[in-house]
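The same chain A turns up in both complexes below, where it pairs with chain B and then with chain C.
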Partner chain A sequence: MASEITSQQVEDNVLRSQIDRSLRHPVMFFFTSGAAWLAVSLILGVIASAKSHSPGFLGECSFFNYGRVFQAHMATFIYGWGAQAAFGVIIWLMARLSRQESKKSGIILAIGHFWNFAISLGTLCILMGPGFILGSGTGKAWMYFPDWVWPVLLVCYFGIGIWSVIAFRVRRGGHVYISQWYLMAALFWFPWVFLTGNIFINTFADAGNGVMAAGINAWFRSAMLFLFFTPVAIASAYYITPKVTGRPVYSYKLALLGFWSLAVIGPWAGMQKVMGAPIPSFLQFAGAGAAVLFIIPALCVAVNILKTATGKTSAVAHSPSLRFTMAGIIGLIATAVVGGLLALPGALRYTQFAFGGTYGYEILALYGFFSMSMFGAIYFIVPRVTNREWISVGLIRQHFWLSLYGVVFIGLFCCILGAFMHGYALETFTVPAESAQDRLYAYTVGVTTGWVFVAVANVFFCLHLLLMWLRLGRRSSHPTLLQHHTPTIPVA
Partner chain B sequence: MTVKTFFIGLIASFALPWLAVVAVPYATMRAVEIPQFDLSKDGKEGAYTPVKSGHVTFGSTIYGAEGCAQCHSQLARPTYAGNDLGRPDLAGIAKDPDIGDTRRESNLWDYAGEPFAWIGETRMGPDLGNFGRRMEILALKENKVRAEELGIKVVDLPQAEKFNIVTSVNLHLYDPRIGNYSSICQSNKSLFETKKVYGQGAVNALPIESNDGQQIIPGEKVLTLTSYLLGLKRDGEVPSSINYSRNKKSSK
Partner chain C sequence: MSSDQQPVDPPKPDLEDSTNVAQAHEEVSCTAAAASREQQLRENGLEPVSIWLMVAGFIVAIVGGSVLFASNNFFSYDEFTKQDYVRAEYDGNKITIPMALAGDTYMKKGAALYKNCAACHGADGAGVAGAFPTLAGSEWVTGSGAVPALAIIHGVKGKIEVSGNTYNGVMPAMADGWSDFDIAALVYYVQNSFGNTVGEIYSTEQITEIRAISKEHGKNAMTADDLKKHLDKKFVAAALTPETMLNLKTGEVVDASE
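Here is the complex of A and B:
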């Protein structure tokens, strides 16, 4: 090192390592258990998808009935993996950006166990079906767990999230970075959305109208996606990209526009899913409009991030965090464009009830965008909190390529082809409905294939992460890079 | 941007849509005025009170828990949202010589008694909004054919010879591929019981051969679900104020 190390830099390094050490266990717990749930969810997803074209798969054991496995697959994906990955990123990123070490990591770790326990029991209830002593799956999208689960999850959320809000309140330095806006917004939106959805649909189910409950459910899943998973993933991208490329964010104004357009547009979307149902048509078209307009915040973020990384192709190629983050940003553009296309009122008549019109879109958003960004963050955070480097470059590489191929496969077969071709057959009322079912076969097989890729990738990812938590990673001062190169500084 | 303006903006940008698309519609939809028949337009008076039959609330819960809504929708969309009124038997009975045309789009009262309307995720399976009506028509046709075979009138058909709607639905729930080999629907065998036959056996046993004198008998949950499914009859006459049909009778 030619430049002199100032006392300020030393202090910063010490503070950073203190923050990392203080959060090692909660962060690793959320990532590892999240990855384990992801592996479980994907295996359930493969089963569900296989049953959608070969109903005799795994015999006719009711435990693995399509209706139950599908619910368990989505529930574990969202609350097992998605939420926990987000928690890990939120607590670490907020601590780092607020320059405050966590003093309550023991509490967070303990509450994390409750969260996992509730999810495990909830998943068991879904698979056991009606009549099980602890309740059964509800069949309501994104609210599949029996009614007693959501209050537990909400209390756990407050126990986990409150410390990040406090860290923000007592932040050092005063300057608020873009990622912090998104994290604070996500921390603020999640309880409001989660509480609204569950109170209106579950607690006061008998007081309200069933059709409106279905509408609010459609709003709920869209709001969870746009107002919780999306801001967390964007916060991570705004952190990782400048860090790895060593450049400031391209445009602060564009970041502002992206943030506020998401805040203004996001909460309106969702009810286009129940287009044609007997609820006010204003709600349906407002939902469709907002789903199309989501392209604005998505493009603002994507342009900003891509411009920040322009010209740093070698960094994108070498750094696993940046490569996953960039893939996630491409996923964001794809999600926004495909989502807008599927929600256009003219297209909605085909895509609304078509295979994959909703599922494919949600997978594209949750895996192609959110999960890829989270993987990027995990590949960045884990070596810092464990103080070890990733064990195997090969495992990271297989994780990236299998994920990418898998999600592109699903996006193509399920979202585009599945939605429009199946939907077209459904809408052509002069041909018998069975012809629509015949068309389905190719797309369902396509989705199974995609899920197999992704499931293999993530089973190994989970193992890799587990080994890292056991601190079996490489002791090295050099980051794990994806390309072979001759080191300029010989390691003694 | 200060932290204060940030939070004010955050709350304002969320609260407005929250009120507009969630809270206020929820409150107003709780108590929608029941439409009335109009003597001059409908030829009769009184409130619109569609008859609901079957175990609606409990059946609806089982329908959800088994994930039926994942593949079956229950919605006849208006023409601005889809061609459901054109699809035979989805929105009602199309041009039956005896019954006429009963097709119409779904309305709010179709879902009465259900805490959650199963609008549905996909149509990988057929729409079930008028499943009960379709089965009813199927039974009429079957009985007619059977009576013709026996050379008697339909009304004289002995009970044992009649088409049993409940057993037919139970059979589908037991194994959907019995009636339709290419069905991708799930079988719900765990909801049935296999019992040894004593005497004449159970009345509602499924008409399939089983090993060593055993019968397959639908459990309580299957009967509830079947009752719910057979109660799905969302067609027929509606007051002119909510009738959007092209063939609507104009006021005389």
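Here is the complex of A and C:
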């Protein structure tokens, strides 16, 4: 180990800090507002879940109707938190890996404000309900905002994403890192999925073909997950893990296999959700097959990342970035396996129409996999762009454990198991339908309880991030690590 | 801040373990501590894809393929839904409408409904002397079906002479919420039990005609005089033929050709 640093390393460090500084404001804006939307979304999620088992909760106030609150909960989760966290990671990671400072951070920041403004208005529309002057919730899953919102979001996306594509085009050094494949893919897949989904659903729905619209809506959700949120989270994992452990990625071939199998398999999945609907049956069977096959890219990525971190248990224990990333990778495996199980024809029969069959899977994927990976990236990126260290180990620790237990409890236990129990009861014709509701009750109460914990964790995470955004973080050259340890080199 | 910095600890993962950045480069460490302790991304590893991962991938591919090809006919637009995915129908895919001949259906249904009457008129229709008239051989029962039907719908009050005996009791209205099928079945039962053999199988259209009379009468109970007016009531609508099949549950006519 060299005890002195070379001029090359100094140059690298200076370049890194210049890139970080150039992107400080847009990245912090996306992360902070994203975390705020996440806190809002989870509080709405608690209300929606409480409404599902205690309809009298919060009284008769129409503002808090289940139908409105649930739509607002999912819409803010996906477009308020998910998309913005992804944007922050994309622009920072692409700039770092392309070794290019961002010269358009002012434009990105301004467009980020438009994005947030559109989402705020959209959420207001959903909560105000029918008759509101700007429109109301559409009831179309993952497209809950009134119809005028999605073109605004798409235009904003182009304004944010284009600069990362340009940064990639003018990258320094010929080598393209694995994360960059995934980021470029996500940058191109998002507009394709978003535009196709919205146009086709509205066209089919207007033409009176509601069944096909529902099928495309199922594809849209799956494609947003597999072709946008998944590649961004994987890109982050492929960056954080080697960076923190100091090791090369385990296998380049495995990374190639994982990327191309995702690209080939991902777009087919989704329509298995409408199995049995009167649309051409190959759409649904292709969807079911692809949902099972998604295990292959997930496995490639997970094995590659886990192998990279093998033996570095102390790093996983110490570094919040790595710990969240590892949890996210476990979440990826869980998402893939559960998604495959739910796509099996025998399981669809029970879970297709049951409470939690879809919601639980989405929570598992969006929180257990995507959000955990994003938290890992945020814990890594924020000290660099703000030049301050995280304030409190306790806050990071509570964020991790409450999130982990919460999402396992909600996603796997309450929703997936609850869906099978509910679906089984619904299929039993000989007993009154009421018994299905009785069977479900414990699980819906469980979801509320779990969301309360996750919401608490993320309200504090949001506060922590706000303090960092205000540059109130620790001024130190030592990172905030999760475990106290005794130095191995004695202090003189 | 930087001059009294501790030596770097190797186990700290985010820390460059080989260099003390602060001492080496004052400026960088002041402005970018986090960036300068980062490790370089190294060249990608070249481990081969393990055989176990390939095996796992093939297993997934086989499962996925079997799910994909579970459909017999991908592009048959005639057969849109596959049987396995339609919700299972109760009782092994066979929906059988429980049905019987009209007379049997009415007897069965009427016998069940007669439980409401048996407390006063007796299980054998004999009634109670002086209070509740007999139904066996009663000229009120064996005449037009309109009379027993109206008695059931409205109830009867005041003196009434049946088979030479005078009765004076009160019969409450019995048919609140009853369907036409219920009334037709009970009338048929009373007219064809206890030794009565009228045999007319009333259709729901005929009951509708009786309901029209009932509406005209109002809410009050009927007296013997009221009932007498309808003793020779002739129906416009036709009665059911004995070979008609009825749904045992709803009393609807089942088309045997289906």
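The rule is short, and it goes like this: the second predicted complex is superposed on the first by the 477 of 492 C-alpha atoms of A that agree within 3 Å, B and C clash if a C-alpha of one lies under 4 Å from a C-alpha of the other, contacts with A are read in each partner's own complex, and residues count from 1 in each chain.
To be clear about the criterion, a contact is a pair of C-beta atoms (placed from the backbone, for glycine too) under 8 Å apart; a residue touches a chain by one contact, two chains touch by 3 or more.
The model shown is predicted, which means the values in this text are computed figures rather than measured ones.
**Student:** Using the overlay on chain A, decide if chain B and chain C clash or can fit next to each other.
**Tutor:** Partners clash after overlay.
**Student:** Going by the contact rule set out at the top, does A:44 touch chain B (first), chain C (second), both, or neither?
**Tutor:** Touch partners of A:44: none, neither chain B nor chain C.
**Student:** In the superposed arrangement, which partner chain does A:205 touch: chain B (first), chain C (second), both, or neither?
**Tutor:** Only chain B; A:205 stays clear of chain C.
**Student:** Report for A:20: first if it touches chain B alone, second if chain C alone, otherwise both or neither.
**Tutor:** In the superposition, A:20 touches chain C alone.
**Student:** Give one of first, second, both or neither to describe whether A:83 is in contact with chain B, with chain C, with both, or with none.
**Tutor:** neither
**Student:** Applying the touch criterion given at the start, work out whether A:300 contacts chain B, chain C, both or neither, answering first, second, both or neither.
**Tutor:** After superposing on A, A:300 lies in contact with chain C but is clear of chain B.
**Student:** Let me test your reading of the model: by the given contact rule, A:365 touches which partner, first (chain B), second (chain C), both or neither?
**Tutor:** A:365 contacts neither chain B nor chain C.
**Student:** What is the contact status of A:436 with respect to chain B (first) and chain C (second): first, second, both, or neither?
**Tutor:** The answer is first: A:436 touches chain B but not chain C.
**Student:** Quick check on the superposed pair: does A:402 touch chain B, chain C, both, or neither? Answer first, second, both or neither.
**Tutor:** Neither partner.
**Student:** Would you sort A:137 into first (chain B), second (chain C), both or neither based on which partner it touches?
**Tutor:** Only chain B is touched by A:137; chain C is not.
**Student:** Starting from the residues of chain A touching chain B, keep only those that also touch chain C in the other complex, and list them.
**Tutor:** Of chain A, residues 275-281, 284, 286, 348-349, 427, 429-430 contact chain B in one complex and chain C in the other.
**Student:** Residues of chain A touching chain C in their complex?
**Tutor:** Per the stated touch rule, the residues are 1-5, 9-10, 12-14, 16-17, 20-21, 177-178, 239, 242-255, 257, 275-282, 284-286, 288-290, 292-293, 295-296, 299-300, 303, 307-308, 312, 314-315, 318-319, 321-322, 340, 343-345, 348-349, 383-384, 387, 389, 427, 429-430, 475-479, 481, 485, 487-489, 491-492.
**Student:** Spell out the residues on chain C that touch chain A in their complex, using ranges where they run on.
**Tutor:** On the chain C side, the touching residues are 1-2, 5-15, 17-19, 21-22, 24-25, 28-29, 31-50, 53, 56-57, 60-61, 63-65, 67-71, 73-77, 79-82, 84-88, 90.
**Student:** Across the complex, what residues on chain A touch chain B?
**Tutor:** Interface residues on chain A, with respect to chain B: 51-53, 55, 60-62, 65-68, 70-71, 129-131, 136-141, 176, 181, 184-185, 188-189, 192, 196, 200-201, 205-217, 219, 227, 256, 260, 263-264, 267-268, 270-271, 274-281, 283-284, 286-287, 348-349, 352-359, 426-430, 433-434, 436-437, 440.
**Student:** Using the touch definition from the top, list the residues of chain B that touch chain A in their complex.
**Tutor:** 1, 3, 6-7, 9-10, 13-14, 17-18, 20-23, 25-26, 29-30, 32, 61-71, 73, 75, 77-78, 80-84, 86-88, 105-108, 110-112, 114-126, 175-177, 182-191, 221
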